[in-house]
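I've put the structures underneath this note.
After this come two complexes, each holding chain A, first together with chain B and then together with chain C.
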Partner chain A sequence: MKRVKVAALSFLVVVVLASALADLIAPSSYEHQFREMPNARCSSQHLLGTDALGRDRFSRLLFGTRVSLLLAPAAALVSAGLAGLIGGIAGYAGGGLQRIVMAGTDLCLSLPWMFLLLTIRAMLPLNTSPAISVAITFALLGCLGWAGAARVVCADAQKLKSAEFILQARATGCGGFRLFLQHFLPNLGPVLLAQFWISIPTFILAEANLGILGLGVSEPLPSWGGMLQELQSLTLVSARAWVYVPIILLVATVSCFHVMMQREEPWA
Partner chain B sequence: MFFASADRALASDGWNSCATAKRIGLAGLKCGARLLGLILLGGFLCATLVRSSPGYGVEEEELDSRLNAESVKALRDARSSEGSLAGFYVQYWKQMLHGDLGFSRSLQEPVGQLMRERAPGTFKSVGVGLVLGWALGLPLAIITVMGRSTAVDLGANLLASVTLCIPAGVMALLCVLWQVPGRLVLALVVFPKVFEYTRNLLLRSAAMPHVVTARAKGLGPLRILVWHVIPTAASPLLALGGISISVAFAAAIPVEVLCDVPGLGQLTWSAALSRDLNLLVLITLLISAITLLANSVAEMAGNREVTETA
Partner chain C sequence: MRRQILLLSWAMAALMTCGYARGQNSGQMRFCLSAQPKTLDPLKVADDASETVRYLTGGVLVRVDRDTQKLMPELATAWRVNRAGNSISFTLRDKVRFSDGSPFTASDVAYTVERLMDPDLHSPTGDSFRSTTGRVQTKVQDPHHVTVTFPAPVVGLDRLFDQVAIMPARSPQNFMAVLGPYYIAENKAGSYLLLKRNPSYWKKDSSGRQLPYIESIRLEVQQNRDRELIRLMRGEVDFINSVNAEGFDLLKSQASQMAFDAGVSLDSEQIWFNQAPTAPLPDYKKAWFTSKHFRRAISSAINREDLARIVFHGHAQPAVSMISPANKFWFNQKLKPHSYDRKLALRELELGGFQLRENILRDAAGHTVEFSVITNAGNKDRERMAAMIQEDLRAIGIRLNIVTLDFPSLIERITRTLNYEGCLLGFVNDELDPNAQMTVWLSSADNHQWNPNQKTPATTWEAEIDRLMREQASSMDPQKRKRDIDLVQEIVWEQEPFIYLVNKHALSAISPNLRNAHPVSLRPQVYWNIEQLALAPDVKRPL
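Here is the complex of A and B:
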């Protein structure tokens, strides 16, 4: 398992580095159109060919990877932050407040997030710029994904409340907001970090699903989801196998995240 | 002596059934309050969105070039006398309670009619997907835990990991490409969640002291599974049942859009693209109410299970 984890980590490092150095590696800009060669095949000039608008697919893949791999963790950060704040306060306060917050969390968990996401996405103005649409898409993902993590954080916070160092801090006169900020929140770090890592692949897949439907990152900015839209053209897919490369990269990356998070369960 | 112990047993039975009834009653109340809250909030949201949507308050009559400014003004005055913001909300609720869900601006049809036409297809797809997903995930998890075979565990884990890592949209596209029914995608989306969660639950349940004792006493694997492992895991499994409905509905959108299946998912997508907020919010409200109801029923059943086990 350790070797598999090392291989997964190495793959992720390579993908992250490639996307970070996209400006240096990519043969052209993601929006540059080679108008004389739309839908070109693989060549030394265009490693993965060009799309219907003549844009280099390899360059778009590199920049799209950057968008997906930069913003999915950002959304996960928003989600973990909200979960830490809401779940932490609920667990810290306990009693009625905890019951109300947990009822709200249950409500959020049982709602169909994809329908909500489409509803909120449809309310954006038509003249929203691509960069803002990216930020809004991932911010929405982050804001809708806090509920599951908040439950875990709340359960952990409840256990922490009866920890000896918290009782000692309380006995020395530390209380209220200071106790929460200085002693409580920092100790929720490990559980928040775990929730952060768990959320990343979920958000990558969510963006991919939105992108396929044409409601993700706006053109001309590339993203994995946006690039998968090309697959809807069946004639193109059946003739050119390299349009599958974004899927392979997406599945491999998400798999690596899952492998990294997997624990070795002992047999019963 | 005998009568005294029998009295005590009867009293204890009575107390248990009373506690069960109380728990179920509380869960029912909670479920009702949640549903009421959602409907009130959703209705308020619907009304707000309809009122603030582009083009609200402008009727086609106003665009008639034969009307002069005074006639247009008279039309607007007549409409403004329909009421204030509060009046609008009251009117909207009255219409909703009478079954009038409004009109879809993009499809030019009543929302109620559109939903009635499309809902059966989606419910059927989701139902088939859930049944297939559970039929694949649950037995595989049981075989993995009880069989203790590395090969089976590896194979099942690989299948679950692969299906978990492919977006539902991509699976739907592959279904179109390979000419396989799109409903299978819903099963493949539900399967890994059911398998992984059930496997972990059963593993935890199988490691409990009473199960180890039963095994040490020489009980058969089937008996251990049915009498000792599954009852402990039943309550969270029921909760998973509720959550898997929400997962299946979410996956129905890309599946219906990409496989061209007319249903609520496709309707939601077209409403989102054409910014038909009234239609979009009402579908979301319907699906939310269904998933919430399913989750509450699962929670109530889980509560009953826990009480009976106790």
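Here is the complex of A and C:
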């Protein structure tokens, strides 16, 4: 298991480094259209060929990886933070407040998020640059993705409330806001960290889904979701194997995140 | 023994001959509808799928030949429009019966027209006859002669009857009794429709054989275009009426005999700017969008040849103006597409008070020129065109933001809130007569997209378009109308309220099993000559 984790970590490091150094590695700009060679095959000039508009697919993959890998963790951070705050307060307060907050959380979980996301995106100002638009997309994902995690955090907070060290802190006169901030919240750290790691692949996939619907990152900025749109084309899929590279990278990256999150269980 | 062999050979030859005859006069043709028809009532048709059923089942008085674009007799052997243009008299074909066996007479025409023009029916087909309020009058002289009089002149009156499927006045089957080549035998909602040959159909071929040749048609509801292509290649369906450029090229590479490019179609793709004074946009942007120099500069900066070559794989051509070159009579031959000329674009911008400094374009007040263009999400061709235009405009210092929206949100913005800057969309055109575009070109119209519902024309050129469109609508002289429409095209070419990008080609895919197919650029591209279509005698379908 340890070797698998090392391999997964190494893969993630390579992917992150390649995307971070995209400006140096990429043979051309992600937006430059080589109009004389649309849908070109792999060559020394274009390692993964070109897309329908003649843009170098390898360069777009590097920059797209940067977008997806930078912003998915950021969205996961926002989501985990909101889950910690909402779930933590609900679990800590207990009683009526907990019931109300959890009812609100259940309501959030039951909403059709994809449609809601489409509606909210449609209401955003039109004149935003692609970079801001992608940031908004991930911010929305982060702001809307807290509910599931909040439930887990709340359950953990409930258990924590009856922990001995909390009772001891109460007995010594520590209570209210101070108890919550100094003793309660820090001990929710492990569960929040787990939620953070779980959310990253979820958000990567959510952006990919939005991209497939044509509502993800706007042109000309690339993202994994946008690049996966090419797989909808029967012509390309049947004729060019290298269009599968973005989905292979997506599956591999998401799998590596999952491997990294697994705890090593002792053999029974 | 020898005699037995001879007899056997004779019997086999006879069977083969019969088989061929059955191939010519039998079999089931299959093709896909993209959705379930919304109505089977031919007078209420408003969607493509219903239009397909109407075309295959409806008998009309006159038919626009999709190939020659000329008006041909059908159930009417002769017709005459009066000088005022508000009345039309038909002489009807003798010995014609509906699919249920009831006879076709002038009363059926009168009943159909009265029902069509009933305001309570809200018939989209009826709307094209409605130039003013008032009742339509029908006069049945005898079973074979009928006159229809409208309250006001109707432009292109005779050609409008191409869309009017005659219904029986007395049949208990109502609109299910038809005069067209097929009748609806089965309708499984969401799955398929089965049409069977109308046993009473009046047409025969030159050798006296009953038309149509094909016994039945199975219309399968299939939304996914890629899946439709796969089904064609497997032999499950016999043709695809309209294929996109990617699918067309795939087909051409794998089975070139199945791919047909009928040339430029009536459909266009265009971009326009929001010029509505009430739009929630900054004043300086409204000033850009209402500037002719700005619009012409954008037009000159767009490489239409590249759009046609890259996005549509060469199956499109740079568009000229409001009428496609496919429209043989009405297209203004003097006009040519705007050329791709970056220098000309910069010159126009200079004339409009814009300045390019350090690769950033600014207006006279120093605002950076940046705007957004909305288009519908999921339409790959439009998204690609927008990305190419974005690159073209960057070369003249303009930053274009592309926003893809789900279709309802887009329609909400361009029709109600007017909260958008530019829009990239296409127009699907079915009508050859430009009078059908009145709702787009009149400044007071809802669909006058760049500045709808104007009380008085905002510009002199819009006032001139209004005048010319009204004049052509009230004239019965085709040459006078042609001159007016030519002038409108010239104004539109000059002012570019719509920056026309490309006219797509009519691409279709046809199985070798289907005989006598001769696809054309007008709808319905493949089955416009449905009576003449035949199936090969040995069609085998996968189980």
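Assorted remarks:
Note that the second predicted complex is superposed on the first by the 261 of 268 C-alpha atoms of A that agree within 3 Å, B and C clash if a C-alpha of one lies under 4 Å from a C-alpha of the other, contacts with A are read in each partner's own complex, and residues count from 1 in each chain.
What we mean here is this: a contact is a pair of C-beta atoms (placed from the backbone, for glycine too) under 8 Å apart; a residue touches a chain by one contact, two chains touch by 3 or more.
What you are looking at is a predicted structure, and each value in this text was computed from that prediction instead of being measured.
Look at chain A after the overlay: chain B and chain C clash there. Partner contacting the larger number of chain A residues, of chain B and chain C: B.
With both structures placed on the common chain, the touch criterion links A:L228 to chain B but leaves chain C unconnected. In the superposition on chain A, A:S218 makes contact with chain C only, while chain B stays out of contact range.
Of the two partner chains placed by superposition, only chain B is touched by A:L107; chain C is not.
Shared-chain residue A:L118: touches chain B and chain C both.
Of the two partner chains, chain B is the only one that A:V254 touches; chain C does not reach it. Once the two complexes are laid over each other on the shared chain, residue contacts for A:R35 go to chain C alone; chain B is not touched.
When the two structures are aligned on the shared chain, A:L205 is found in touch with chain B, with no touch to chain C.
Among the candidate segments 19-27, 235-243, 271-279 or 289-297, the part of chain B whose C-alpha atoms clash with chain C in the superposed model is 271-279.
According to the touch criterion, the shared surface of chain A, contacted by chain B in one complex and chain C in the other, consists of residues 118-119, 122, 213-215, 232, 234, 238. Contacts from chain B toward chain A in the complex involve residues 30, 34, 37-38, 49, 145, 148, 161-162, 164-170, 173, 176-177, 200, 203, 206-207, 211, 242-243, 246, 249-251, 253-254, 257-258, 268-269, 271-273, 275, 277, 280-281, 283-284, 287-288, 291-292, 294-295. Those residues of chain A that touch chain B in the complex are listed here as 103, 106-107, 109-116, 118-119, 121-123, 201, 205, 208-209, 212-215, 225, 228, 231-232, 234, 237-238, 247, 250-251, 254-255, 258, 265-268.
Interface of chain C with chain A (complex): residues 226, 229-230, 246-247, 249-250, 253, 306, 310-311, 370-372, 374, 377-380, 383-384, 386-388, 390-391, 399, 401-406, 409, 419-421. Within the complex, the chain A residues that touch chain C are 31, 33, 35, 38, 52-54, 118-119, 122, 126-130, 133, 213-215, 218-220, 229, 232-236, 238-239.
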